[in-house]
Amino acid sequence: MRPITSLRRHRVAGYAVVLLGLVGAGAAYTAVAGQPGTAAADASPVSRQQIAEGQALFARTCASCHGMHAQGISGVGPSLIGVGAAAVDFQVSTGRMPGKVTGAEMPPRPVVFSQTQIHALAAYVASLGGGPAIPSGDQVSPAGANLALGQQLFITNCAQCHNFSGAGGALTSGKFAPPLNHATPTQIYEAMQTGPEAMPVFSDTTITPAQKRDVIAYVTKVRGQPDPGGFSLGRVGPVTEGLVAFLGGIAVLIFAAMWITMKRRES
Amino acid sequence: MSTTEKALEGTGRFLDDRLHGASGLNRFLRKIFPDHWSFLLGEIALYTFIILLLTGTFLTLFFQPSMTEVTYHGVYTPLDGVRMSEAYSSTLNISFDVRGGLLMRQIHHWAALLFIGAIMVHMLRVFFTGAYRKPREFNWLIGIIIFSIAIFEGLFGYSLPDDLLSGTGLKITQGVLESFPIVGTYLSFFLFGGQFPGHDIIPRLYVIHVLIIPAVLLALIAAHVFLTFHLKHTQFPGKGRTNANVVGAPMYPYFMAKTGAFFFFIFAVLALLSTFAQINPIWLFGPYNPSAITAGSQPDFYMGALEGALRMMPNWVWNVAGHTFAFNEFIPALLPLGIIFGGGAMWPFIEQWVTGDRGEHHILDRPRNAPTRTGIGVAAVVFYGVIWLEGANDVIANHLDISLFLTTWIARITVIVGPIIAYWVTKRVCLGLQRKDAHLLEHGIETGIIRQLPNGAYVEATRPVSENDEAVLISRTGLPPLPAPAADEEVPAKSMRGGMGRMRLALNRVVTEGIAAPTGNGHGEEHANGHGEPAAISGQGDQGRDGQDSGSSS
Amino acid sequence: MSDMTEGPRDLPQGSDGEQDEGSRAPHRVIGTPPPAEARTLLASEQEPPQRPRIIVPTGPAAKRGERLVATFFLLSGLASIGFVASYVTLRPGSLVDTLRSNLTLGIAMSVAFGAIAIGAVLWLHLLMPKVEIPEDRHSIASSPAERAEFADTFAEGAERSGFVKRPLVRRSLLGASVLLGVAPLVVLRDLGPLPETKLRHTAWARGRRLLVLGPNTPIRPADFSSPGQMITVAPEGFEDNQDAMAKAATIIIKFRPGQLKPPTVMNWAVDNIVAYSKICTHVGCPVALYEQTTHRILCPCHQSTFDAARGAKVVFGPAPRALPQLPLGVDSEGFLISTNDYHVPVGPSFWELGGSGFSGGNEQS
């Protein structure tokens, strides 16, 4: 028998393969569930030239759905007059826009525009009238924020959809609340202010800019902190824990029991 | 030699003079245990329970079961200044201030999951091999009671830290309790000391969790282990193994080494899990707040079936004369687990009644040799599994990108259709395997060597199965027939009359469905009956029959 | 263990089957236990059983095995020392400190237990001879003679005590026992108050302001003017009262003109702002997953779904009735207030709820 064949026929070979598979799956899962860094975007003052640039960009990439003058096309894309710069920045900087197909839920895709282009687009849409502006760096900075109030606001207003640690969750009819792991403080602020897609609006009059900062501080603090008890298991609660209890606990102990009661090979 | 002897002489005499332990202990040390990995599954449950007692005791030294509100100013800064109960803040302190506290908490929680998981796997092993049969029915019932109590023990422990998830679990428990007809509202007010959440529930659950249920579990587990010892362990069929003996290695030193090693393995695996896999990070959940909720509000896995049943149930209620029957709450709370536990408890007796087999069984069935039982077992697993998965349907919907409502509809249909299909398929597979066994016995193992016969035909040479395999293959013994009418009468036997008798006969036909039992090995008849176990479908020497049994006991 | 060896043979590994000829007798166990014990302790009672031949693996393979096993045991000892070292040197505290402490303590503990486990199994497999011994089972049932004797004893006792012959004694004892068993149950009465009508009322009442939960600030309709807004509110004065909030938690939602449709009670809404109980009518989880595009409110616990534009009626899931609607008004300073308590009980069904609890927002007062 060739050595490899004899290895494969060894009585522990089966266990070894299953074990390797489990370890591999675990490693792959941890790699996928990793935590990304954060980046803050700063708004710059609006110039006439910027608006013109934005208009040109809009006509090329957005007008087919939202109309030549952002007035909206019935059944295809909503009017963008009055949505404000914050909404544009959120939608385009997260890759939700420009969308490929129309629907209630636009899945995030790779971002196609540079930050300058996005700000130009936002400036153009803002020039059409009203709407919240892109928050400044100071407005979203977590420095000096009240974490306790942020925790309370997050758990009463955000966690129901985005989960206790911002891992996201399911909504009705195939919609979902996205994880907050990749969102920049600016995007979180804009999302609260503009209520993209199914998300409700949390305007500055109900949750003040200072309180928004508290929420952002809590979210970014918690998502960036280490997990003192080991791997996080995705921070989605007891479901993955149950899975690990069976795959990493019971299954491993069954292998141990097989080894303990193994009969020696007859020689 | 002499050192061992001398060591024993002094202390041994001292103890035996006072305790008379030698003869009993001697029998104990020589007790024979059969060897199979699946016989160690119950030990996972036993040893995780011991680890739960050890780590739980450690936790009680630091945990404050109090719902008094405090403002947190500890080392976990994201919650600095948040108002919370003392129970929650002391759990934070155990995690971040007590050295080894987080490790103990995590071991305790992982051990709880493994305890109940091991009970489930152990019960499946016992069911599918028929180990619950006479004389072990009591132990099966004790096991079912342990299982059901363990679920409550887990739920109450999960509720103690007063974090957002545990408080949500308690709210659900309270909502369901409140829905019970007539007594529900009162039960809820008495348990919680008034309206939810009140200030009493955590101290009350604490005493139940650390004192009352552990004491009951300890007593039941002791009885369970004692009965296992007393009745001697069952064994799988094999060469030299009969219904009247038990073949294996003695307690001392073999079983002691095995079980000791296994205890250390279990502790090591729990320590590993608790080092590398974070469980129940209550600091992320935040303290309980009745107006807050998180996506993915899930219980621990053993409550998943209850959660799934609640999610799956249509919203039926019935209002009669100013009162509400909340079928949407108490039916899912009681019915699915009622079917599993109640059905499990009655099954050994139902099986005895249907088959008329009242004999003692110490040789385990191979699952294929009891196709109906195996089919029903797999159907129950599918039934439970569908409800259990529905308990995580939001996580499933989110990760598989399917609609939440669709998962519920799939579960509603599968929970009824799934078990039926599972039963049918399993039974066919079992019968197919029986056929394969019979073929093996009759024709031996195909060797892959093709020979040409003198007349020119080709045949594949076979070799007979090994003696041990043969003993396994002929272990299917068939069942004794139901009591037949006495030869001189036309009237059916007393136990076979009326509607119940007809039902019994019909069920018996289902249960005894199987291919003709194999009668012998292809290579010679003298081996087939070598162990005094004729393998015919008619009655067995050591299996009592209905008629005989009732005759002798009345 | 090596000093137990008898008649050493050149058998690197114990092998099955060769040592158990003639071992069918129940108490003739080959390979174990140390025969010394049997001889010493049983000497006064019976002849010592003939000592079986124990074949313990010897030779270089066994020697290697012995060293291997000892290595694992030593490793465990070292890990225990490491555990203590980690305990003394590393303190938990910040998350990183706790992580370090948990990691080192946990690894040391895993090795300390795991190495003993592995060592013991290697000992078993490499150094102990294999045995397979049959032991006879005894009948579980007692013999007929034993049963008869028991029945006699029992009958004798019953006769002596007169338990059967003196019905007065028997019945009075049974009666007293039942009463004695039931009487202490009354002390459980004080576990909690009676429900009375507590489940029918919440902390909301006429003129109570709505506070945004968290910052606990009152709110004007003008502050809540963008359609698609949703926020959790508490009755003023009860925002920190958990018992009250468990029933009184409420969400307010802002709609565009014309979006609200029956059975929403229109005159309980102010400026297209409508308030619903946040407590699910299924088992009482807070329902707050509001989708502003579909106007659905979803409960994350069991996925009951309510249509907020149509009186929060149930569109899917196990909840049996709509979320109760809170009648809203505006006070003299322009802040949102409740003009009354909920007209139907909030939260899950209970026995005393009755059909009137199902009339939802349609019931006008």
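A, B and C label the chains in the order they appear, each numbered from 1.
Here is the rule we go by: contacts are C-beta pairs under 8 Å (C-beta built on N, C-alpha and C of every residue); 3 or more make two chains touch, one makes a residue touch a chain.
Just so it is clear, the structure is predicted and the values come from calculations on it, not from any experiment.
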| said: Looking at contacts between chains, which pair has the highest count of C-beta pairs? | reply: B-C
| note | Looking at Cα centroids only, farthest away from subunit A lies chain B
| field | subunit A-subunit C separation of Cα centroids, rounded to whole Å | value | 32
| task | Compute the distance, rounded to whole Å, between the mean C-alpha positions of subunit A and subunit B. | result | 40
| Centre-to-centre distance between subunit C and subunit B (centres being mean Cα positions), rounded to whole Å | 16
| Where subunit A touches two or more other chains, by residue | 152, 156, 160-161, 169, 171-173, 177, 225, 227-230, 256, 260, 263
| remark: Two or more other chains are touched by the subunit C residues 92, 95, 98, 102-103, 106, 117, 121, 124, 130, 213, 232, 286, 288-289, 298, 300, 303, 305, 316
| remark: Multi-chain contacts in subunit B, i.e. residues touching at least two other chains, fall at 95-96, 102, 106, 258, 261-262, 265, 274-276, 289, 291-297, 394, 404-405
| field | Contacting residues of subunit A [partner subunit C, same complex] | value | 104, 149, 152-153, 156-157, 160-161, 169, 171-173, 175, 177, 195, 197-203, 205-208, 211, 225-230, 256, 259-260, 262-264, 266-267
| Sites on subunit B touched by subunit A in the complex | 35-41, 44, 77-82, 95-96, 102, 106, 110, 113-114, 117-118, 121, 164-165, 258, 261-262, 265-266, 269-270, 273-281, 284-286, 289, 291-301, 304, 392, 394-395, 397-398, 401-405
| Tell me, which parts of subunit C touch subunit B in their complex? | 3-4, 27, 29, 31-34, 36-42, 45, 87, 90-95, 98, 101-103, 105-107, 109-111, 113-114, 116-118, 120-121, 123-124, 128, 130-137, 140, 188, 191-195, 198-199, 213, 232, 234, 240, 242-243, 245-247, 249, 278, 282-289, 298, 300-305, 314, 316-321, 347-358
| note | Listed in rising order, the residues of subunit C that touch subunit A in the complex are 13, 15-16, 92, 95-96, 98-99, 102-103, 106, 117, 121, 124-125, 130, 212-215, 219, 222-232, 253-254, 286, 288-294, 296, 298, 300, 303, 305, 316
| remark: Note: in the complex, subunit A contacts subunit B through residues 146-148, 151-152, 155-156, 159-165, 167-174, 176-177, 218, 221-222, 225, 227-233, 235-239, 241-242, 244-246, 248-250, 252-254, 256-258, 260-261, 263
